[in-house]
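There are two complexes below, and they share subunit A, which is joined by subunit B in the first and by subunit C in the second.
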Partner chain A sequence: MQFFGGSEISPSPPAPTVSGNNAHMVYVFNRNGVCLLYREWNRPLHTLNAQQDHKLMFGLLFSLKSLTAKMDPTSAERGNLGVPQLPGQGCSFHSFRTNTYKLSFMETPSGIKIILVTHPRTGDLRDSLKYIYNLYVDYVMKNPLYTPGSPIRSDLFITTLDQYVRSIA
Partner chain B sequence: MTEKKGREVSESCVDSLLTEMVSTYCNRFYANKPELAARRIEAIGYQVGHQLSERYTMERPRFNDHLEAIKFICKDFWSELFKKQIDNLKTNHRGTFVLQDNRFRWLSRISIDPSLENGDSQDPSAMAESKAAQATSMHLYFPCGIIRGALSNLGIPCAVSADISNLPACSFVVRIKA
Partner chain C sequence: MPPAGPRSGDAIFASVERVNAELFTLTYGATVRQLLTDLEEVEEVNKQLDQMGYNIGIRLIDEFLAKSNVSRCVDFKETAEVIAKVGFKMFLGIAATVTNWDADGTCCSIILDDNPLVDFVELPDTCQGLYYCNILSGVIRGALEMCLGRDIAPYLKIVTDTQYLAFTKVSMKTEVTWLRDVLRGDDAYELQVKLLKQVPEEYPYKDDE
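Coming up: the complex of A and B.
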């Protein structure tokens, strides 16, 4: 079952907009809670230091996933909460929205969690998150100089990610 | 009329295999002996190039001179391996050829850590940057070996080295032994 589409990076991104970056920040965590990447483009308020912020975000996601799975009214079985599943299988939340921002989330079967925080009127970003995951696979996992589990420092990945996020209207 | 069915190999598999090969030779078999690791990797490339050139020249007549053979490497051989040709070929007409690939496939995902260039003192950052450059250059011994093996199978003994001053472009310098 081909889940993430063909071998080429797809879909191709739309043309970049003139204005600056629309997104606020992005996090990438691995299965063990290590924050592989944190980029911010637009975040005036910092309440916690970076480490606490990452721990809080990871803990929040873990709790939210657990809560949504437990409160699922349609499923009869409990499901295994610790194990990452294919997106679409089991029960997992994919976004929440407040009046000032929208947080979109995707977890891959390998446990990589991608979080993107944007303005509240953003549409469904699941395809965009899949595209970002494809970028991660291509420029980070396939980089011979990268050690899995360590923070991402690949220039190629960060530049391409910035450009792509800028183009998500 | 039967259609010739081409067999295909997953590119991700080949990429991962090459990465692992370089990593194993550099970090496990010949840790702390980069010259030996380089020689082993280049020798593997030599064998591979030897066999590949045998395969890809099966239906062709012999080459008239060195330039023909180099052009074969640049066009047909490179296309079979990387689905593109060499972008630029230069020669000094005295046995040295420079084959430039503007986007060498096996290096297209390597990215050197930019934070290493912002060192406070000169020495640690320079050392860290050269370690990354050295790690990258280890990945070039295999393609150099492939070119050397292919050419030697065509009857042209030579020495091949690579130059990555301009990532992701990569230049292979072939010096034919007189």
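Coming up: the complex of A and C.
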């Protein structure tokens, strides 16, 4: 596999056959941009170190949100491109799809961002992201010994998340 | 899977696991009692209860959002209504009403019709300065601090020099005080919630990191 695509147009990966192998990775960010959880199931290619990778993902979401709001044909209130966008202001995207992967995104009013990267042929995952948020609340936030803002180390949460993601994608 | 629209406080209250009300009331009572013993000063106990509530609030907000499906509030008025109608109902099973708005819509009162924390409680003479339910004001303060408002443009400080990274996020700083307390001889529980300012937070990463 070549990183920059090479001369031919890279085709979509083959349609998923075995279920449970179609999710690539998940990110959970908190309101301060701290990556609380990064988990990968199927990621053959790494180009950056973990910290740069998280930063890039955070930046990608920020820029995309800003762009989508700028292009919104229905809303009068739109900021200038690149100027801070307030959460809740303007519209927000929930997924995008390339020929090789699909990225689904959810942000809660408390600033928790959940990102799930899956096979491009996966369907709408908005309810699944909501479900993952519920898992986060039950297994992480409700744990009195978890310090808010610290990386998630709960085995129970990670096992449950693994199982759930395997069941949806 | 929860339904798509916001859920009412009653519906959530009916669907979640609950503990025996007496156990809850007595546990809270025991906590306050222990604080009075440990800290001795009533004023310190008030502070400690508020801080405990704050720590609960910053976590509780996520459970609230996950269960209630409430999306972003348009302004502080809506926020207050949601706290009273959905929040109190969902976590304590009680109804609350919002009144006494000031002219600019940044200060209001939440009135509790009933308060499960104070069953069996009478303030002795030695504890007259105690706000027995001060934990509640802390919870509201903590929850709102984590929450992002929308009606914020006037308060926003825009960082323009680092264009791409100029990312600010806003949280609500509030002051929550007890105006009336039945334990102190008033006829109702009245909490005043005042929006102090909405604080922008800067983008966490620097250019050269």
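Just so we're on the same page, the second predicted complex is superposed on the first by the 136 of 169 C-alpha atoms of A that agree within 3 Å, B and C clash if a C-alpha of one lies under 4 Å from a C-alpha of the other, contacts with A are read in each partner's own complex, and residues count from 1 in each chain.
To be clear about the criterion, a contact is a pair of C-beta atoms (placed from the backbone, for glycine too) under 8 Å apart; a residue touches a chain by one contact, two chains touch by 3 or more.
In this text, all values refer to a predicted model and were calculated from it rather than measured experimentally.
In the superposition on chain A, A:Ser150 contacts neither subunit B nor subunit C. In the superposed three-chain model, the partner touching more residues of subunit A is C, compared with the other of subunit B and subunit C. Contact with subunit C, but none with subunit B, is seen for A:Asn134 once the two complexes are overlaid on the shared chain. By the touch criterion defined above, A:Lys142 reaches both subunit B and subunit C. By the touch criterion defined above, A:Phe62 lies against subunit C but remains apart from subunit B after alignment on the C-alpha atoms of chain A. In the superposed pair of complexes, A:Gln163 makes contact with neither subunit B nor subunit C. When both complexes are overlaid on chain A, the residue A:Arg31 reaches subunit C alone and has no touch with subunit B. Taken together, the two structures place residues 142 of subunit A in contact with subunit B in one case and with subunit C in the other.
Residues 7, 138-139, 142-145, 153-157 of subunit A are the ones that touch subunit B when the two sit in their complex. Touching subunit C in their complex are the following residues of subunit A: 31-34, 55, 58-59, 62-63, 82-89, 108-112, 127, 130-131, 133-134, 136-137, 141-142, 148. Those residues of subunit B that touch subunit A in the complex are listed here as 11-12, 15-16, 18-19, 22-23, 109-115, 132, 135-136, 139. The part of subunit C that touches subunit A in the complex is made up of residues 1-2, 58-59, 61-63, 65-67, 70-73, 146-150, 152-153, 156, 158-160, 163-164, 166-171, 200-201, 203-205, 209.
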